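We just call them A, B and C in the order they show up, numbering each chain from 1.
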Amino acid sequence: MTVFIVRRALQAIVVLLIVTMFTFALLRAIPGNVAVAIMGPGAYRDPAAIKLFDSTYGFDKPWYSQYLLWLGHLAQGNLGYSWNLNQSVASLLANRLLKSVVLVGISTILALIIAIPIGVIQAVRRNKFIDHFFNGTSTVFYATPSFLLGLLLILIFAIKFPIFPAEGPQGNGLGAILSDFNALILPIATLTLITVALFSRYMRSSVLDNLTEDYVRTAKAKGASERRILYRHVLRNSLIPIATLLGLSLPGILSGALITEAVFNYPGMGLLFYQQAQKQDYPTLLGITVVVAVATVVGSLLADITYAVLDPRVRYT
Amino acid sequence: MSILNVPPERPDPSLPEVGLISDTVDVAPIAPAPEGEAALEGEAAVAAGILPATKPRSAFRRGLEVFLENKLAVTGVVILVAMVLFCFVGPHVYYGNTTAVNFAQETLPPGAGHPLGTDSNGNDVLARLMTSGQISLEVGIAAAILATVLGVMWGAIAGYFGGALDAVMMRIVDAVLSIPVLFLLLVVVSLVTPTEQVLIVVIAAVSWLTTARLVRGEALSLRVRDYVQAMKVMGGGSTRAVTRHIAPNAIGTIMVNLTFQVADAIAFIVALSYLGLGIRPPQQDWGAMLSNGVQYVSDSYWWLILPAGACIIIVITAILWIGEGLRDAVEVRLQRR
Amino acid sequence: MMKFRSKAIVGLALVVASITALAACSSSSSSSPGAAASSGTPVAGGTATWAELPASTPNYIFPFDSSAYISVTNSSQFQFLMYRPLYWFGNGGSPTLNQSLSLADPPTFSGNNVTITLKPYKWSNGTSVTAQDVMFWLNMEQAVGATDYGAYTGFPTTVVKNIKAVSPTELTMTLDKPVSQSWLLYNDLSQITPMPAAWDRTASGPSSCATTVSDCTAVYQYLDAQSKNLSGYVSSPLWSIVDGPWKLSAFNADGHVTFVPNTAYSGPVKPKLAQFQEVPFTTDAAEYDVLQSQSSSSKLDVGYIPPQDVPAKPADAAVGPNPLSSHGYTLSPLYTWGINYYVVNFQSSVSDHAAIIKQLYFRQALAYLMNQAAVIAGPLKGYGTLTVGPVGNNPPTQWLSQQGKAGDPYPYNPGKAKSLLTSHGWTVVAGGATTCTNPSLCGPGITQGTALSFNFPYASGSAWINAEMTQLQSNALALGIKLNLEPKPFNQVTALAAGNCTVAKIPCNWDLANWGGGWSFAPDYQPTGETLFMCGSIANSGGYCSSTNDAYIDKTLTSSDLNNMYTWQDYLAPQLPFMWQPNAAYLLSEITTSLHGVLPQETTLNLTPENWYFVK
C-alpha cells in the first residue's frame, strides 16, 4: 500500500508539471500582445510602457524560459502578482478559495447527507412509487441548467416572498461569511439540488449492484435479517463509489461553481478564473490551475486509496 | 461540469452469471419480473435441471424486451423522436422569421403570426426553437459519439495492457482533467471561430476522459473476472473471452455511457452559451436562447424563457430515461430469461 | 409487471409550471414615469450605498494611474473623492469647468505666460495645498509620464516650459507656441492632481521630486509600490492625507469601500452623510435582483437597472416608466460625455480590404446601413443618443456645430447604400456575395472579383451591442456584404483594435472592430481630435490619415475660436474616420426617493456624494 501511495504521489507531481506547462503554453498561444492585454485598454497609448513591461516580466523571452522562471518562484512559495487586480495571486486565491470552499463544500456534504438515504430507499423500494418520485425529481433537477435554477430560486424566495437575500454573503473571512448564513441558503440550495440528483442516482445504482451480490444471498442463507444485511454489508460496499465520487469532487470544490457565483454575487474561484481568463491575467490563471490540478490529483489519489481500503477484493496491478 | 459518467475506478469483482435473488419479503425484486413467475428461471433453471432446456434467446432480444418494458425509457424514446422531428422536419412545415432583425417587432408576446412570440431581435421564437434545436441536438450527439470513440480506444488499450502503459495513460487523463475546462474554451474561442464543428471537437475533447476511465475500469475488471480466468484455465483463447463475454458487457456499458454523454454534452453547450463561448450569432442553440431569455426573467416575458428551458429539460430528461432503460437492459445479472 | 408510473413526469411538470407561473406573476408594475421625489426635511447623517458597475472594483489609490489602472472606477469614482484634481469639470450635467469646486482659479494668460492661482485649500494633516504640490505632480509627469501615466498626451513637456512655483499660491509657465486657451485648460491642466509633500519620499526617507525632476522616478516607484498594498490603504499614513471631502474608513480588495467625511475639507460643499459605501456586483442581473429584494444585509440606495429590464421610453421624454417606482426608486439615465463608434481598419492586412475601406463611398454605404435610430428605440429602449461626429452631443455644448446639432450625417438608408455600391463598380447580390466587377470604378488596389466579406470582432457581454451587430450584419447581408461577427471578451477586442496597429506594432489582421464603448472625453474634456484623429496618433485606432484634417485640428489647438471647432467637425463627421454608432446611457440609475442631491448626475462621471442627503 505504501509503495502504491508513493508511486502515485510521484506520478502526481509529474502530472502537475505537465498541466502547468500545458497551461503556460496555451496562454502564450493566445494571439495579441500580452502586455497590451494585461495592462488594459489604455496600454496602447504607451508603446514605451509596453516595451518596459515586456522586458521587466520577461514576455520577450520564449515561453519555456518564462515557465522555468515561474516554476522557480513557485518553489519559493511566490505565486506571482496579478497586474490587473493589483494584488498578489496568493492573497487573491486565499480570499476567493475560502468563499468557494464554503459554498461548494457545504453543498457537497449536504448533498451527500441527503443523497445517501434517498439512494438506499430508491434501491430497496425499486420500481415503487417512491423510487419513481425521487427518480423523476432528481432527473429534472439534473437536467435544469444551474443558472435557470438559481434565478428561479431568487425569483421565488428573494423577490416574490422576501425570505432570503438575493445575493450571497458579502463579507470576507470565515466569520463574516458564516454570520450571514441566511444569504448562503439559496446558493447552497441551487448547488445541492443538482448535486443530490447526481449522487442519489449513483447511490441507488450502487446499492442495487450490491443487493444482487453473492454475499447477500449467503448472508440470507445464514439467517441474517434484512436490516442487518442492508446496514452491515450492502451499505458499506455501496458507499465505495460515493467515496470515489467525493474524491473526484474535490477539484470542483476548489474551483468553485462559476455560474452560481455569478448569479448570487458571490465572487469565488470560478468567477475569478472566468473574469481573469478574459483578461489574459497569466499569473492568476496559472495560480488557479496549480490549485485545481493539485486538487484533482489529490482527489484522484484519495479516491483510489479509499477504494482500496474499503474493498479488500481489489487488486492493483 | 457534470461528472455523471465517472464510474468508480474499480474492477468489478462480481460474478457474471445470473445472480439468484430470493424473493423474500422486504427485498424488492430488482428485475422486472413477470408477475407470478417463480424465482428460478432461465439459465439457472436449466442448469439446475429443473426446467427443460428451451431455445435461449439472444442477449440482444433479452435486452430489448427489458428495455421495452421500462415505460420511462420508452417515453424517452418517443419524446426524443418527437423532438428530432420537431427540430428537423418542423421548419419545412412552419415558416417563421429566424434571420432578419426587426426591432419594431421585438419581444412581442404570443399572438397572431407568432405562436410563441418574438425575441429581442424580432425573430419568431417557435421557428428559432426549431433551428436552435438542430444545433443543440447535432452538437450533443456528435460530441458524445466522438468522445465515446476516443474514450473507448484510450481506455481499452490502457485497461487491456495494464502496468506502466496503463499508469501513463491514466495520468495523462488526470492531467487533462486538471486543466480548467473554461480556460481551454477561452483559448480555443480566441484562436478559432467556434462553429458547430469546433464546439463538437471541444466538448468531445473534455468528455472523452470519463469514458476512458470507465472503459479502462471495465477492461481491467473483465481481465480479472473469474470466468475469463476460468476460460483460460479451460484452454479457451482470449479472443473467445473477448467476443463472447467481454465485448457484449463492455458494449452495453459503453452504450449506456454514450447516452449519458449526450445528455451531458447538451447541458454543457447550454452552459457554454450562457458564458458567451457558444455558437456565434446569428446562429443560436437552445442554450443561447435561454440565456438571452433569462435576462428578462423580471419582466414576465415567459415566452423567451419557458420554451427553450422546457426543451432543454425535456430532452435531457428523455435521454436520461433512455440511458437508464439501456442500463437495465444490458445488466446481465438482471436478466432472468 | 411494472405499471406505468407518471410520477416521474410530475417533477418535470412542476418545474415547468413554476417557471410560467412565476414569470407571469412577476409582472413589472409600470407606473408613472419618475415618481416625484418626496420632499421632506433633510436629516444629517445616514449611510448611502452605491452600486459599483459589474466586475469593476477600485484597486488603485495613487492618483497617478498607469495604463493598467486608469479607469473611471479608479479615478472618478474612488480617487477623486479623496484627492481633488486641480480643476473640476462637471457643472449641472454639462462637462464644463466648475469653478467653485476647483482648487485653483481659472488660469490667466498674458502674452506667453500662464498663471495659476490656488485657492486656500488644506490637506487633512493641516498643511496647505500649495503650488509646490502642483509642481510635484508636474515634475513626476515629466519624469515618468510617458511610460507610467495612462492619459499621457505629451503635457507638460511638449506644451509648456519654465514651470515655476513663484509663491505658495502661484504657479507660472511659459508657452513656447500659441495654444488655444480652452484647450490648455480642458485637456492639459485637467490632468493635474496636486499631491501632498508628505508623499514626496522614498522608502528611505523624504525626497524632493517637487523641486527636482530627476528624483521623481524613485518617488513614483515608491508610491506605486505602496499602492499595491491594498490591505494597507486605510491604515497608511500616506493615503490618509486627503484634500477632498472624503477619506477612507474601510477598504476591501473585493470592492467593498467605505468613506467617511473629511472634516478638514476646505471646499464649498461639505458632506452631510455620515458614511458613503460602494458595493461590488458580479453582473448587472445580480445587482438588479438585489435592488428588487432588499434585506437587512443588502440595501442599495443608488443602483442601476439593466437596459433590458426597463420599459421603452417614449421618444420625446427624458425618462420613461420605472418598474421600481413602487419600491421607492426614481429612474435617471446617466450619459457619458463622449462619442461611440466602431472602427474600420485603414491598415488592414487582410488581402485588399484596406483598399476597400479607404474608399469613402464604401464607408458611407456601411454608415447608411447602420440604423442608429432603430437601435436606440429598440435594444436601448430609448435610452441612447445618436453619435453625429467627433464632438459629443449629449449634452450639446458650445463646441457642437449647427451641422452636428442637425443629427446623424448618415441616417439609415439601404437604397442609398446600394446605389453607392452599384455606381462604383460593384455588382450587388442580395443575400449573396457582392463583388467588384469594374475595378477602375471600385478603386485603386481593389481586384476584379473581390467580395465584400470582412472579419468583425466585437465585445461580447452587452445585450444591445449584440443586437446592434446582428442588425448590422443582417442589413449588410441584404446588400451582399458579409460581416463575419466574432464575439470576444472586451479586453481582447481592445487589445486587438484600440491602438493604431502600425504605431503600436501589433498585428493588423482585423477589418472592423467594436468594443462597444467608443471614447469618453476625460481628462481631455474638450473634444479637439488630436488624440483620436491625427495621422500617426496611437489612439487613432483605424489609422485614418488626412492632411486636411490634421490642418483643421491644428487650428483648434492653437486658437480658442469656436469656428475652428465647427469647421473641423463639419469636415470630419462625414469623412467617417470611425463608423459612428449610438451612445448608450452609461447607467440607468435607480435612486431611492428618500435620498436627495444625487441629481443632476455629471456626464464626466465624477461621483459627488457630498451633495447627497437623506430626507424624512
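Note that in this section contacts are C-beta pairs under 8 Å (C-beta built on N, C-alpha and C of every residue); 3 or more make two chains touch, one makes a residue touch a chain.
Keep in mind it's a predicted model, so treat the numbers as computed, not measured.
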item	value
Per-chain Cα centre nearest the global Cα centre, belonging to chain	A
Of A-B and B-C, whichever chain pair has more C-beta contact pairs	A-B
Inter-centroid spacing, chain C versus chain A (mean Cα positions, whole Å)	38
Inter-chain centre distance, chain A versus chain B - centres from mean C-alpha coordinates, in Å	22
Interchain centroid distance [CA atoms averaged], chain B/chain C, Å	48
Numbers and ranges of chain A residues touching at least 2 other chains	30-31, 127, 132, 135, 139-140, 144, 148, 155, 159, 278
Shared-contact residues (touching 2 or more other chains) in chain B	32, 72, 186, 190, 294, 297-298, 305, 309, 313-314, 317, 321
For chain C, residues that touch 2 or more chains besides their own	2, 5, 8, 12, 15, 19, 23, 25-26, 285, 292, 489, 492
For the chain A and chain B complex, residues of the former touching the latter	11-12, 14-16, 18-19, 22-23, 26-27, 29-31, 123-128, 132, 135, 139-140, 142-148, 151, 155, 159, 198, 201, 205-206, 208-209, 211-214, 217, 220, 226, 240-241, 244-245, 248-249, 251-252, 255, 258-259, 273-274, 277-278, 285, 288-289, 292-293, 296-297, 300, 303-304, 307, 311, 313-315, 317
Of chain A, residues touching chain C in the complex	30-33, 36-50, 52, 81, 83-87, 91-92, 95, 127, 129, 132-133, 135-141, 144, 148, 152, 154-156, 158-160, 162, 164-167, 169-170, 172, 180, 182-183, 261-267, 271, 275, 278-280
Complex interface listing, chain B residues touching chain C	32, 34-35, 69-72, 99-101, 103-104, 106, 120-121, 186, 189-190, 193, 276, 280-282, 292, 294-302, 305-306, 309-310, 313-314, 317, 321
Chain C residues within the chain B interface of the complex	1-2, 4-5, 8, 12, 15-16, 19-20, 23-28, 285, 288, 292, 306, 308-309, 323, 374-375, 377-379, 460-461, 463, 466-467, 469-471, 473-475, 484-489, 492
Contact set on chain B toward chain A in their complex	2-4, 6-11, 13-15, 19-22, 24-30, 32, 72, 162-163, 166-167, 171-172, 174-175, 177-180, 182-184, 186-187, 190-191, 220, 224, 263, 267, 270-271, 274-275, 287, 290-291, 294, 297-298, 305, 309, 312-314, 316-317, 320-321, 327, 333-334
